[in-house]
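Working notes for the structure below.
Per-chain residue numbering starts at 1, and chain names A, B, C and D are given in the order in which the chains are listed.
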Amino acid sequence: MTTIAFIGLGHMGLPMARNLLNAGFAVRVFDLVASAVHELASAGAHAASSAADAVSGASVVISMLPASQHVESLYLGDGGLLGSMAAGSLILECSTIAPESARKVHQAAANLGLAMLDAPVSGGTAGASAGTLTFMVGGDAAALEQARPILAAMGSNIFHAGADGAGQVAKVCNNQLLAVLMIGTAEAMALGVANGLEPKVLAEIMRQSSGGNWALEKYNPWPGLMPSAPASHEYRGGFMSELMAKDLGLAQQAAQSTGSSTPMGALALQLYRLLLKQGQGKQDFSAIQKLFVE
Amino acid sequence: MTTIAFIGLGHMGLPMARNLLNAGFAVRVFDLVASAVHELASAGAHAASSAADAVSGASVVISMLPASQHVESLYLGDGGLLGSMAAGSLILECSTIAPESARKVHQAAANLGLAMLDAPVSGGTAGASAGTLTFMVGGDAAALEQARPILAAMGSNIFHAGADGAGQVAKVCNNQLLAVLMIGTAEAMALGVANGLEPKVLAEIMRQSSGGNWALEKYNPWPGLMPSAPASHEYRGGFMSELMAKDLGLAQQAAQSTGSSTPMGALALQLYRLLLKQGQGKQDFSAIQKLFVE
Amino acid sequence: MTTIAFIGLGHMGLPMARNLLNAGFAVRVFDLVASAVHELASAGAHAASSAADAVSGASVVISMLPASQHVESLYLGDGGLLGSMAAGSLILECSTIAPESARKVHQAAANLGLAMLDAPVSGGTAGASAGTLTFMVGGDAAALEQARPILAAMGSNIFHAGADGAGQVAKVCNNQLLAVLMIGTAEAMALGVANGLEPKVLAEIMRQSSGGNWALEKYNPWPGLMPSAPASHEYRGGFMSELMAKDLGLAQQAAQSTGSSTPMGALALQLYRLLLKQGQGKQDFSAIQKLFVE
Amino acid sequence: MTTIAFIGLGHMGLPMARNLLNAGFAVRVFDLVASAVHELASAGAHAASSAADAVSGASVVISMLPASQHVESLYLGDGGLLGSMAAGSLILECSTIAPESARKVHQAAANLGLAMLDAPVSGGTAGASAGTLTFMVGGDAAALEQARPILAAMGSNIFHAGADGAGQVAKVCNNQLLAVLMIGTAEAMALGVANGLEPKVLAEIMRQSSGGNWALEKYNPWPGLMPSAPASHEYRGGFMSELMAKDLGLAQQAAQSTGSSTPMGALALQLYRLLLKQGQGKQDFSAIQKLFVE
């Protein structure tokens, strides 16, 4: 039976690890927050005392951490995990980080003969709990085939985006586009309502017309139109605005590295920062609607 | 049999009038361009010598004109059509114009006891030819029921957006959102490709993820990904950039009237104007992709 | 002695009319607000009972009104002032309005043999009181020479911007640029301070460097740096944000008429609308600083 | 006599080093481009064979390099210059780099007991040749007093911006503001001219009004208005657009580190990238005017 080390048990990592346990994998877990470790231990995981302890005896390492610096710090440098992993191990790095950080770890892993995939997710905490995440995977196709049963225990869509780092690139491109269409939808809703339209009617017309997009289908930012959307629950839950701002920052970092012009993406980041300044960082990212109504 | 006056036989009006003829309506047509009138006359229409001649004996008047001033000039003022229309007539004003212009005509028509609907369309010349246009209708529900068989001869989706002018509001909101998501898609494609992704792979990942939108479904702006899209035919055909700029201008005019803030919509207009300055006004609006690649 | 009719006695018009009285002109005043009329009457003006009464016997008419529609309504149409003005009269239209509205009045006046100048001002209520306004004048050079002694009683800078409407064009260009540099200054201040700089030091460095501009010289948006600036008085007084939003709207209207791309100007308008949505419309326009600090 | 090591002899470094020679300092120079070294050697400098050779015997080290990575690479890590500098030495780091990179070098230098100032410049190649650069200095006030005679040989304005890294922060804030006001000026010029104004008249009105700024004073982007400005010489010379894009990127990096919202600064970066995509990267940054005229 495959033994998996899982490092980083936050809002996303904890339910992901639980799904691995449910699927019958042996899982060794570690997080700086002891309560998360204990919660999984009572569900059958091995509670490791450190990241290094977690990887001991594991053939697969999964990490789910907040940002590039945590990932680089976990794997690289003196005392980094790479040095203590067994030959033939596989790393599934699921955090959303800068493509260049992912490539650094890829390179260092390759130098030691370790396989690695960057495999950031979308789908939020709901998808993590339900095991319906989308994985956008960068790295070797053979490694992806090896990882597929493990990813399938946590998600329902697995895309091979390309070579090392491509998963991260796909993720930031998708999330930049998501931010743009969410803001565009929020602006159109506010404009139409200010000009006398019923929000429900306008939303339905645009959804069925050329303005159709994911926000109108699944996640309308106008309160009360979709019972399950965060907008109908005072923008609680979902994907926090501060995390969207983080992803938009990664997109701008990628754009900087290639000199790409992304006027809409750059503006989206600035608008989310305005929202954060108003104290809405913990609210769902569809709360950008609030900027446009009185 | 209902006799319809059809005024304005351009790229959209001509195939719309032809579909009315095909559906068995008596149609009296007028346009300043004689060749368009002749073409429809040989298909069975009555070639009117003026707008006033066209409405003579007609119980329904359809107009499809370039801009607000043409519509106001057609119907209002001394010698405007309203004065010569029979009591009980119905006006279907299908041009894309400012909501406030539409409301002016509504008001003047109501003062004379004439019914009117503002009924702008989406679907482009292809939808006009195929009779699959979408109508976004503003005005009285009873008038819409009266108009429905006529609209059904030209389109396949008929939305009642609300009261007088609401059709125009829905149209500009939808098209502003369309411009935003088209530019957002073009930026994301260029960013991903510059960072090493295959365009086909990236487009498919975003289409199935939270970046999904009409452009990725039907009208990808990256050349070669969708055989039927204008992007795969050197951006010929489709919906011209200069018309998108016109609609974005109408959206800003609506935003001005209500003091609505639409940062993305305003930026979209400016970017289309940059594209027009580069001589691309006659190209399909997905040619905005060109701004973001070298 | 020249007799001047002065119509529109708001925050700007009232002190302007007072300066004309102080300079020895005979002034006939009218406003819908009776108290303003009485205040000037006690300073020696003739209190007219209507706009038509004001112009009776006057050879010069000055108007200072809120917006295009008021100006068009005052002069044009049935019962408009143009019909009751004496041959050889001169109109000084000092309101900030759309260039095309100004040109309409110019044309109608010319048809009746009346001279007209569009002469919008800058300098705010302080400049109006002190008689140090700047006039940006559009129209005939000979008419400007005739008007010069009158303008000189109210302002200290008189620019001949060009032909009919040119004064309004110069005004909206200048104010769009002013908004852009004010926001640019506010952003730079907030960015520098967030990164550890003393606001006073940063402002002085930029003022003496290539970032130097009118806001840094006269009107710093950071509180406490300039004792006389509105920023140091809780953004009271000065030029209200809602008036800046109005002028930016006129600039976009001018840009629409020529298809000009103004990304910064368009964004400035959207940001001021966000500020207005937050209830800051009556504050000085330098209050845009608040968007960028927590 | 103070001996100065000067590393980095590009368009800026070469004339700066020459001015030090002219002022009587002993200068040891190094650059990877041999011709630059030779040119200064014939003017009296010592031609060093490496950076390490240059600092040998020098009590002051000046560096003028393209970007953060070059500076970090020069000073830090194994074989970095810091290890071979004499106790009591002073570093004047004049490159424009990220504040955090500057702070890294500051920290490492402090750990070794070496004094350092970050001292980026403005004034361009013309200022470098004429010895009229502006220095924005971050670091210890005592070190600045020690450096002042040296800086005074190369520049005419010396600002103490604050603590370690503050010089870089002031530089990126200033240059972001400069970009914003240059684009704002270019937009206003294009808008006014499209609406019928004479460029010379409009520029003069705004220069004397509240739109006044450094671009209108010294560096008008409209061709032909200022004989000495790059705009009047086909945008040759001056400060290249690609360098402005670099500085705007540094500003966004600083904004990212503090979560600052800079909508205008972000848009300025995107517009410069559009200009670069059109092949104008080597032109003066006032060539942004070209985006807005046909």
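Side notes on the structure shown:
We adopt the following convention: a residue touches a chain if its C-beta (ideal position, glycine included) is under 8 Å from a C-beta of that chain, and two chains touch if they have at least 3 such contacts.
A quick note: this is a predicted structure, and the numbers were derived from the prediction, not measured.
Shared contact partners of subunit A and subunit D are B, C.
Taking the mean of C-alpha positions as each chain's centre, the chain lying farthest from the centre of subunit C is A.
A rotation of 180 degrees, rounded to a multiple of 5, brings the CA atoms of subunit B into register with those of subunit C.
Of the two chain pairs considered here, A-C and A-B, the higher C-beta contact count falls to A-B. With centres set at the average Cα position, the gap from subunit A to subunit B is 39 Å. Note on chain placement: the centre of subunit A and the centre of subunit C lie 51 Å apart, centres being C-alpha means. Under the contact definition stated at the top, the residues of subunit A that touch 2 or more other chains are 259-263, 267, 271, 274, 277, 291-292. Contacts from subunit D toward subunit B in the complex involve residues 263, 267, 274, 277, 291-294. The residues of subunit D lying in touch with subunit A in their complex are 245, 249, 252-253, 256, 259-263, 266-267, 269-271, 273-274, 276-277. Within the complex, the subunit A residues that touch subunit B are 99, 122, 134, 136, 157, 159-163, 165-166, 169-170, 172-178, 180-181, 183-185, 187-192, 194-198, 201-202, 204-206, 208-214, 217-219, 251, 254-255, 257-265, 267-268, 271, 291-292.
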